[in-house]
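In the two complexes below, chain A is the common chain; its partner is chain B in one and chain C in the other.
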Partner chain A sequence: EKMSGELLFVIVGKNDKPLYELEHNSEHREMDDPNLVHFFLHSSLDAVEECAWKKDTMYLKVVDVFQNMKVSAFVSAGNVKYLLLHSQKNDDTIKNFFQEVHELYLKVLLNPFYEHNSKIESPIFDDRVRNILRRRFL
Partner chain B sequence: FMKENISSLNQQYLNERNSFVSYKVKAWFGSKLRSKNDSENKNGVLFNFQSMEFLQRRLADWAFLLCDYGLAHRTYKSISGMYQNSTTWEAGAREMLGISSVLLELHNRTNEDSLFEAAHDLYEGANFRMFARRTLLIRCMVLCDWYKDFRKAASIYASFADTETNQQYKALLNEQAAYNYVLNVHSSYRRYGFRLVLASTYFKETSLNHTLRCLLQAYPIYENQKWSGITDFLHFHLSRYSYNQGRLEDAVHYSSKLVSNNSSDSLVQSSHFREYLRISKLFIDSNSITVPIPNLKLDTLKVHLQDFYSDYDPEWKKMETNIHMINTPKDRRKFKMMILRRNNKRQRSAIIGEIIYVELEVENPLALPIQFSEMKLYCHFDKSEEESTDEIPYEILPFDTVLLPKETKRILFALRPLRKGIIHIEGLSFTLCDTLFGKRSFSDLGAKYMSQLSIEVKGSMPLIKPRYIDFPSTALHGEIRKVNLRIKNKGSTPVSSLSMSTNLMNYITLEGEEFKEILPTLDIEAELLKFNSKILPLEDNLEPNEHIDIPIWFRACGTGIKHLKNLYYYLPSEKNSDVPYRIQRAAAEVNVTPSISFETSVIPSEIKPHSYILSILVKNVSEHDTISFENVRYFSYKWVISPLQGMSEKFTFEPQQSGTLFFEVNLVEDLDGIMVNNIKISEEFDADSLPILPMMYKSRLLSMNKYHNDTDISEELAEEEQYLATITENHYLNIALIWSCGEKIGAHFLENISFLPTKPWNGSEEKNPLSYYIDSDQSIVHNFEQGFCIVPITITLSNNSPFDTIVLDLECLESFDELVMENEMYNQSNYFWMGVSEISNIVLPPCNTESFTIDMAVSKPGLYNVNRIKFSVYLETARRMKSTIF
Partner chain C sequence: MLSNFLDRDSEPVNILDRPLPSKRDQKREVSLSSFCYLYSEIIQYHQKRTNQIKEFERRLADTGYDVGLRMIDYITWRKDRNSKREIRLESFLHFIANNVWRYLFGQSASVEIHVDIKGCYMITEEETIISKFISTTREYRNLNCAAFVGGLIEGLLDAAEFEAVVSTRSAPSNIARSSNKTVIVIEFSESVLEREANLK
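Then we have the complex of A and B:
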């Protein structure tokens, strides 16, 4: 089942540092101020930390809701958080998306030239994530 | 009065209750309980002033007012069930019930919370927004202050903030939610930040002050987080609101942060940048301010002075040590070295009038081009005590540049000191887009790097600029060329003395360099120092803007890319206590390509005694150079060489061709001293002008030094070798083969070709250097029916030299000669060797004897000559040294 509407995906590393950001369809933002989605996404990290202690799975499903926007989260074994802001609910699609991106991130980690907890600037990684996003959601 | 009223109300209530049955019957049958005078409105029922419901409510309220919370609580509880038809009355009752329960400290938190919630819902349903808000506030206040449940209070505030329609109230609720989030035991500071930002967006409709306040409180949460959408938003709004509130300093601060770290697209960045320029211009009209761009890559900062630090390059450091040593008397050298080591960490110094260069990489972090005008260093100058003038201390050369979007550029800044003192380079100053005069400071460097930005300026000194004229960029291996070393004085005072140190001493030969026939084996380092570092001839002081040309012979000694480094040490004509001497570096590079390879072998002559045949296998290994041999020059003690074949025609080798040159080497006993000779192959060729012998001497000196380092020669052995070198015959031959290739000339050295001395060593008995003795049974009787007769032959070798080790190869040759016997009873026949018949590399130490047994097999009776042993003998030292030279 495909999802439309706005999508904002962020990989967050240590100390809330964003390692990767991807926006899709931001012109259809439905919040009062379009820039507030980033703040909401950032604030959902509190909910992610609360949920992560309660659940034993990596995929935490929807952790926070604000107006009509939801944040789904995935926490890796290395405590790297994957956050997806979306308006429609589709757990299976989102879970698969997270898993695929997580595999890509692991490959980035295996690169000896990649400095841990630094921004991922590889254009190949960016292309692949966009492809996964397109394939899963659009 | 109130107590009287309460008691009368109570009485009235009890009287009403006395008609309990009628009351209950009415209620049972569903009749309305309200009195006839009660009326209705859209919010439910309005009770008459005299009605029981009203009375009870009055009773409860008055009891509450007089702090009789128990009576109030009971009364509210009883009436809350009565007000089912009136939502507002019921809401009020429930609300007061909850409050009284709290004040009574019943600690029935769940019940109280549900009462407040119910009251709020009833008010909302009846569209009494004001009362609903009040109830909400009381509910949350109870949760916070009584039960310290900030988390629940925060979530309640947040949820109602999201549904509230009034902007100001929305903002207040968000703000309260934020504070409760952070007051929680496990504070949710991110939610706190988010709610404050939300509050700020709703406050801006009514009050910019509160908007700004909320954003400022939220800012520390997001500072340095580098969330692209967040930091740009915050910086922009903080800057904008600060400006609107008249807080220019804050506006500039946040605007500069927005510019320095901006992840928006180029259009947005452009508008941010323009706003930054406008605000900053208003803030500071004429003075400069610290601007956020360009980014300075301070780890690329380098200061270039005319004095060179040798710390980080061991080769330059070694040369500097050498040059100090030759310029210091021998007895003071150790002290001088100690002073130099101590002064290694001295502050760097510049000279008046000489430009200081500062190299730095700068980066434009924005996605738009930025123009920088009048970009230059800004400095602080401390004048020296001697100086009294107030003239300008330094001169700086500004320039204009444009940094393209995201460009990183390496920039070289120039600064010329004009007075003595200390210059502290503090940063860059420039005009940004012809609008804003700003600066960037180097103070972020830290103490380790800041020290290199403090430069002491000392008095006038000479400054030499050395360079080679006609120095080759490529050369054939062995090529010799005359080049000129031009030294020009670009300083303001004359040069009185000049020395040069080089890292490749065998590449450079000055006119008049000495040549010694005998190599010193002791104190080779001191001998090498004379060639590594030398004082250059200066007839007179070298005045400013004058130059001298020093002719130098260059010889390419090894193949590959060679970096020739020269270090110059010079003194001013007038003594300068600040700078007693100066050091200057120069380097040149040459690519040396292969030309010729040699292999030599020496065999004793079979015709003449005390004579050898020297064969030199020559191969032209160059790619496309034809090489012709022009001259052979050699020196030796008692040996002369002459060509075996006619050398009237030139020996010319095309690329990849090879051939062999043969020479006869003879002993001349009557000669005293070293003999230097020439064999001219080409009559027209003039080899006399070439400094072959000094070049060869240096080459042999380096080989000796390497040999001593490799074999770890002890001082005692070196002394013995030195003694030998002075008193015994020199049984070595050193040859230089001089060739030409077109216009080029070159020479290759064959050094230390050794021959066994054929004369006794001084002071020893009349013995040959190597003596041997062959022993076997003279007469053997053998029954040949049992097989061959095996005769063991014992060969005894003796090294008679007291100090030379001999290496020899032993070979048993085939038998073939016939002995003429008078008695032909014994017939000649052959024999053969059994087992090992060749032994190589037999090492005989001095004064040692060794024996070998070799078996001879004979097949029939006869007389046999067993003198069929061949020895090839070498001196061990010469063999090893030869292998390291070429």
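Then we have the complex of A and C:
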């Protein structure tokens, strides 16, 4: 199943620090303020926190809703949060997307030259995540 | 071994494209002697930089801390790709004593509750294999080389948001007269205990 529309993906580490961000915009943005989506995604972190300590699964499904957009979340064992802002509902695809990116993140973690909880700047990582996004959603 | 990862143009495969080692990859295990050799170098490295036992143990613990931070996600994934997270305290301690210990050392440890101090637990194991080949001189008699493991535990706990003060002690072993068993004492912070009480 394919998804279209705005997609914003963020990886958040300890102390709400953003580690990676990817934006995909296949349609023109309808909202007036371009920063609104980012603001909304970060404000949904509270909802993710709450949900994370209630459910023991990693995939938390939709944790927050705003206008016509939803935020789905995935929290790892080490409390790294993966957030996806999307307009269409698609549980299985999103879960698989999160799991694939998480495996990529595990490989980054195993690299001793990567400082834990720092921004992931590798262009290859970015390229691989874009591939996963393209393969799963478009 | 390395040639498996080089293609015709001799360009090494990026780490992100290599498969993650899974449970079935028996060839990926490291022998005890290889690890002990590396560990002895780590100890010698720190020995050159300090002669205080407390600081020595702190340095070993810091080395282990970074490992623990990274390992929690990987060990959970390795156990089961669709695994759940640990959100309950005692369940998490058992995860450490069983899954983490078996992954690292090939054996399990045991979890005990401290009778006197509230919110305090101990992970004990009869024989710490990483210090198996270490014998200390009289000056370092009180040094516990398992401090590395204590630091590793602290890293695991911090990453999973179960903040605690972790210390490593030795106690006389129950089974072997000459060796000591390692006791890792974990005192959880107030906020963690509160959160755990709210979840009950």
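In this text, the second predicted complex is superposed on the first by the 134 of 138 C-alpha atoms of A that agree within 3 Å, B and C clash if a C-alpha of one lies under 4 Å from a C-alpha of the other, contacts with A are read in each partner's own complex, and residues count from 1 in each chain.
Following the convention adopted for this analysis, a residue touches a chain if its C-beta (ideal position, glycine included) is under 8 Å from a C-beta of that chain, and two chains touch if they have at least 3 such contacts.
Since this is a predicted model, take the numbers as computed values, not measurements.
When the two complexes are superposed, the chain touching more residues of chain A, out of chain B and chain C, is C. In the superposition on chain A, A:E103 contacts chain C only, with no contact to chain B. Of the two partner chains placed around the shared chain by superposition, chain C is the only one that A:N111 touches, whereas chain B remains out of contact. In the superposition on chain A, A:R128 makes contact with chain C only, while chain B stays out of contact range. In the superposition on chain A, A:L36 makes contact with chain B only, while chain C stays out of contact range.
Contacts of A:L138 after superposition on the shared chain: neither chain B nor chain C is touched.
In the superposition on the C-alpha atoms of chain A, no part of chain A is touched by chain B in one complex and by chain C in the other.
Of all residues in chain A, those touching chain B in their complex are 10, 16-18, 21, 32-33, 35-40, 42-46, 66-67.
For chain A in complex with chain C, the touching residues are 14, 52-53, 56-58, 75-80, 99, 102-111, 116, 122, 124-125, 128.
Residues of chain B touching chain A in their complex: 162, 188-191, 193-195, 197-198, 201, 222, 225-230, 233. By the touch criterion given at the top, residues 14-18, 20, 66, 69-70, 72-77, 81-88, 159-161, 195, 199 of chain C touch chain A in their complex.
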